[in-house]
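Each of the next two complexes has subunit A plus one other chain: subunit B in the first, subunit C in the second.
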Partner chain A sequence: RYVRQLQRLQLLFSPTAADARGARQFVEEAAQDFARRHPDVVLYVSPHSGPGPAPVLRAEYLNGTVRDELIASKTSEEIVQLATKLANQSGLDIIRIRKPFHTDNPSVQGQWHPLTNKPSILTVQGPRLQPQ
Partner chain B sequence: MVVLSAARWVRSRLSDRFWRVQEVLKYARHFRGRKNRCYKLAVRSVRRAFVKSTKARREKKRFLRALWITRIEAASLEHGLKYPAFISNLVKSQVELNRKVLADLAIYEPKTFKSLAALAQRRRQEGFLAALGDGKEPEGIFSRIVHHH
Partner chain C sequence: PAMAARLLLRAARPLLAGAGRGTGLGSAFSTAPPPEKKRWLRAYLELQRLQAPPQRRSEKPNWDYHAEVQAFSHRVQENFALDLLKTAFVNPCYIESEEARRRRLGLDKDAVALQLQDNTGLAERGLRFARAYLAQCFEGAYPELPAKGIEALVNFLTSQELVSHVAQNLSIQDLALCRDFPAPPDVLQRTFLAVIGALLESSGPERTGIFVRDFFIPQLIGKDLFEIWEVVNPMGLLLEELTKRNISAPEPRITRQLGVSTVLPVYFVGLYCDKKILAEGPGETLLAAEEEAARVALRKLYGYTENRRPWDYSKPKQELAAEKAISSN
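For the complex of A and B:
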């Protein structure tokens, strides 16, 4: 069963700043539809009054990663697209994956060591013969 | 009075030079010497590093294939077979394993590799018998070919 990795989305913006216009339109028009379409994501809207930091969309994931996306001077549709992209991501950091595979047990028969194909007289210690 | 255009002697000055410089220096942080600190030297070094990394992607394939071949050669010599004999006899027995997989088997699955070497050796002996015996004996079991239609 699919478990959505996005825990909560926090919309931090100022109700008076000019570059937060898209954020305000998003809150008025599209936020409810978005929340209804993604019932397992909690959407927090926190306007802070007065001049403050740039409007930001903060996404927190189940593995603890917090991702901030700037929404300054973005239209409401762009913010909706950004929010759906964050909702479909997992919280793993976005770096180059070195190998697309991983095993905890790479060897079933025992990994090769220099004595694997040598006669067993070199490794096995027989019972110590009693002096008669 | 209303001024519709800026006066000609007013130029716009760069305000984010720091971040433009950091964008380049962040790729040079692990270099040696002044090229990890000084922008002018770092620009040249970073560009060369990127070009080399692009070209090296083609070389990496050749390098890894040579590495696999070395490892398979070492493993098959432990079992008394030389690399050309091993690979050719495996191909003749319709075992289509590539060198990457054979090298991994040689490291992590030594018994499987031993059985593959034995298979190649048996096919080799059957090949010799077929070439030297000249049709009097029945042809070998491992020389039979499966046709997939």
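For the complex of A and C:
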């Protein structure tokens, strides 16, 4: 069955800073809606008062990866899109994928080895039998 | 320009604090230095943060146990009775350590005794159900497999490493209450089996059966039968199987050979019954090749080859559930 890999989202922002406006709007309007649509993600909203670090959306995944995304000067819709993108990701590291294909069954009839098409030494090869 | 500089400053700091992202844990915001701290102090504080011992997620900021438990039940797409689920996460080592802590703090007898029940009963029930259900699944899917093989498969699936690996990836190590951190694998195994027991109590045997099937059976993908089941004498086992089916004893013959006089010879030994081929296996020496051929023959007989039909996840298996309900009561 499908298990959403996103465990929790922490929204850390300041209630007075100018670049956290989008974050504040998100909290007022769209956060409850987002939480209702994704019941398996725990959404924590923690405003820290006074001048602090930039507003950040921290995503924690089931395999332990923690991803921070800056939401400074982003609108509420962009934050919603970002949050859904994080919710649909798995926690694997975002690195270059070496090849865009993978298969669990690389060989259907059996992988070739040097003895595949060699006849077995038990096969008797005699003179051709006359047709009856 | 001042505003832009301030914005730049504000954006730059989390990048510094996020430099320790490789460790994955640790929160920058509660321990990050406030902006008026000296620049030369930041490296030292960063070092302190990286060298701090790992802490439980429940001791870090932003943790709500009830919400996490609810999210867990939604993540697994099952509705649990929440109080049963919370009892399933309580381990006996946690209760002892809590009572010891309270006694050390000097509380009187009534306050010391915790009102919590631990999860041993639920874990036992979960283990029994899981074993019985998996055994029935395998008996249905591989009817030729003998009892020892089924037992080996079930033991592998309920073994500590596998269950604790599954539990780790379902975030049970955050929710389980236990004495040491990180939780040892037997604690994780007990907690996961207790979760299965809690599901059994809340939703009944069918849903629990589907749950067990969905989380345990995919762990068999890519595994070979004889990796899981240690067989010492495959030839003897093969002889028993063939006598049960009234087939004569197999005759081993060399089918192909390569590099006989070198350091790495390859022999293909075929097993023939009444001049018909049964199985063929490669090996470095003749004995090794014969043993491998016996293993290949056993795999074919038990229907556990690599090209068998994949597991069927569609049937809800109602008749199994009825038997389960009768047998567990």
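A few points about this structure:
Following the convention adopted for this analysis, the second predicted complex is superposed on the first by the 98 of 132 C-alpha atoms of A that agree within 3 Å, B and C clash if a C-alpha of one lies under 4 Å from a C-alpha of the other, contacts with A are read in each partner's own complex, and residues count from 1 in each chain.
As a working rule, contacts are C-beta pairs under 8 Å (C-beta built on N, C-alpha and C of every residue); 3 or more make two chains touch, one makes a residue touch a chain.
Worth saying up front: this structure is predicted, and the values here are computed from it rather than measured.
Legend: residue contacts after superposition of the two complexes on their common chain; A:Ala87 is shown touching neither subunit B nor subunit C. In the superposed pair of complexes, A:Ala30 makes contact with neither subunit B nor subunit C. In the superposition on chain A, contact is made by A:Val66 with subunit C only, not with subunit B. With both complexes placed on chain A, subunit A has more residues touched by C than by the other of subunit B and subunit C. Contacts of A:Gln111 after superposition on the shared chain: subunit B is touched, whereas subunit C is not. Annotation: subunit A has no residue touching subunit B in one complex and subunit C in the other. Listed in rising order, the residues of subunit C touching subunit A in the complex are 7, 10-11, 13-14, 17-18, 21, 24-25, 28-29, 32, 34-35, 61-62, 64, 67-68, 70-72, 74-77, 169-171, 174, 214, 221-222, 253-258, 266, 268, 270. Partner subunit C is touched in their complex by these residues of subunit A: 1-4, 7-8, 10, 12, 17, 19, 39-42, 44, 46, 48, 51-54, 56, 62-66, 68, 70, 72-73, 104, 114-115, 118, 120-122.
Listing the residues of subunit B that touch subunit A in their complex gives 75, 78-79, 106-112, 114.
For subunit A in complex with subunit B, the touching residues are 106-112, 116-117.
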